[in-house]
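Going by the order they are written in, the chains are A, B, C and D; count residues from 1 in each one.
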Amino acid sequence: MNQKLLLQWISQKQVVVPVFLIENYAKLGLNEQDFACVLQVQSFIEQGEPFPTPDRLSERMSLTTSECAALMGGLVKKGYLSLDKQWDQHGILYEYYSLDPLWEKLCSFIQSEETKGVEKEEEENAA
Amino acid sequence: MNQKLLLQWISQKQVVVPVFLIENYAKLGLNEQDFACVLQVQSFIEQGEPFPTPDRLSERMSLTTSECAALMGGLVKKGYLSLDKQWDQHGILYEYYSLDPLWEKLCSFIQSEETKGVEKEEEENAA
Amino acid sequence: MNQKLLLQWISQKQVVVPVFLIENYAKLGLNEQDFACVLQVQSFIEQGEPFPTPDRLSERMSLTTSECAALMGGLVKKGYLSLDKQWDQHGILYEYYSLDPLWEKLCSFIQSEETKGVEKEEEENAA
Amino acid sequence: MNQKLLLQWISQKQVVVPVFLIENYAKLGLNEQDFACVLQVQSFIEQGEPFPTPDRLSERMSLTTSECAALMGGLVKKGYLSLDKQWDQHGILYEYYSLDPLWEKLCSFIQSEETKGVEKEEEENAA
């Protein structure tokens, strides 16, 4: 092994996943394939490829291209992923995925759990 | 919403996932359920719970307890996860999972890809 | 170089630093030595050493033990770092540092910036 | 406080710092200002701004523009930071900073420590 490999590793990108998402994706209605797909999309976005095709996802997942297409379609339909458009600085229109809808759902979920926790505590104090 | 929630978020733990793993888990022979299980185990370990039971995993995944047990058993059997034992500072024997076998596999895989790339380059230069 | 080194690197811990902190530590009243000290303390806490001594910090910083003691004392005094006590599961009292006060300050700062931004926008719309 | 702030926080970028760097920057010859400057540059690069000016750094640090210029100049001179040039896809030449020289130094340092450790062990076994 050479030093080049270690350097590659040292300077590689990392994807940071909030523990809140790992703990709660199933409660949000995602299964393991959805969750893995979300991390793939996040990874592509952070590497400057904000509109990965099902083909690109299939290269990295244990699923076929059409299974990846169905998975991404499902995430868009259920409101976890959005497909947006924007003009870049050179006047070219480009499409990109955004995970903001997922973060919004996670945010609302955590708030509702918080509220439930407070109500439960108040009930117990009242009893 | 109150400040407590934002603080919780700010001070929460994050799980750092190497892009190399996201790109290559399928090539290593893991499917999406295996991959999600690996992240769950990593998350438990980092939160000071190095021996999560199938019950604990099931609370966070879209799978039943027995499905989680089968998933973890498979990861141990296929050599991605090991179950080790150690004495703590108070003389109590405890069991814990380690993901070192997975990192070793990933490490060997990247090295072999590297070698393949170099050989291919040499062939092209020789041609 | 051997594979052991790459493995060490792959399985090493990482410290995740919010971009909000990197962008705003100076506006919060911290200088570069304070900021580096905060990351050292966070790193020690995450490695299971929640009460690092000035000696331990000095091993990793470009400062003497007494400079590290002064730096940590300053962070406690200015309310960025707190020194708390807790009983562990074996009934032993232990001391530990907490960065919660810093996160609270950062949280308040971001909220006040947010408010200023909204007010400025309203003024501009009213004008 | 509104949900927008929490969302901003959730979807914000994070900078991942290897514990190896936190533990060894001083041994590599960096002081706390150098280390903070490195994290600033890494943060700018990851946010798509690979050529931050001393002005931009000064906005986020407790230092003046000329102090930041001296700091960055020093890092380039001592071989921790390099200033490279590249053509983008639209044929425009742009300059960017790279932290690869720092990772190379860190890599060599860890290897030499490793070697020292092995030699020490062999001496002890021989004695």
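By our rule, a contact is a pair of C-beta atoms (placed from the backbone, for glycine too) under 8 Å apart; a residue touches a chain by one contact, two chains touch by 3 or more.
A quick note: this is a predicted structure, and the numbers were derived from the prediction, not measured.
The copies chain B and chain C differ by a rotation of 180 degrees on their C-alpha atoms, rounded to the nearest 5.
Separating the CA-averaged centres of chain A and chain C is a span of 27 Å. Separation between the centroids of chain C and chain D, computed from CA atoms only, is 18 Å. Among the residues of chain A, those touching two or more other chains are numbered 1-3, 5-6, 9-10, 14, 16, 18, 111. With chains as nodes and touching pairs as edges, the resulting graph is complete, every pair of chains being joined. Those residues of chain A that touch chain B in the shared complex are 1-2, 4-5, 8-9, 12-20, 22-26, 30-33, 35-37, 39-40, 43, 47, 60-63, 110-111, 114.
Of all residues in chain B, only 1-3, 5-6, 9-10, 14, 16 touch chain D in the complex they form. Put simply, chain A touches chain D in their complex at residues 3, 6-7, 10-11, 14, 16, 18, 90, 99-100, 103-104, 106-108, 111.
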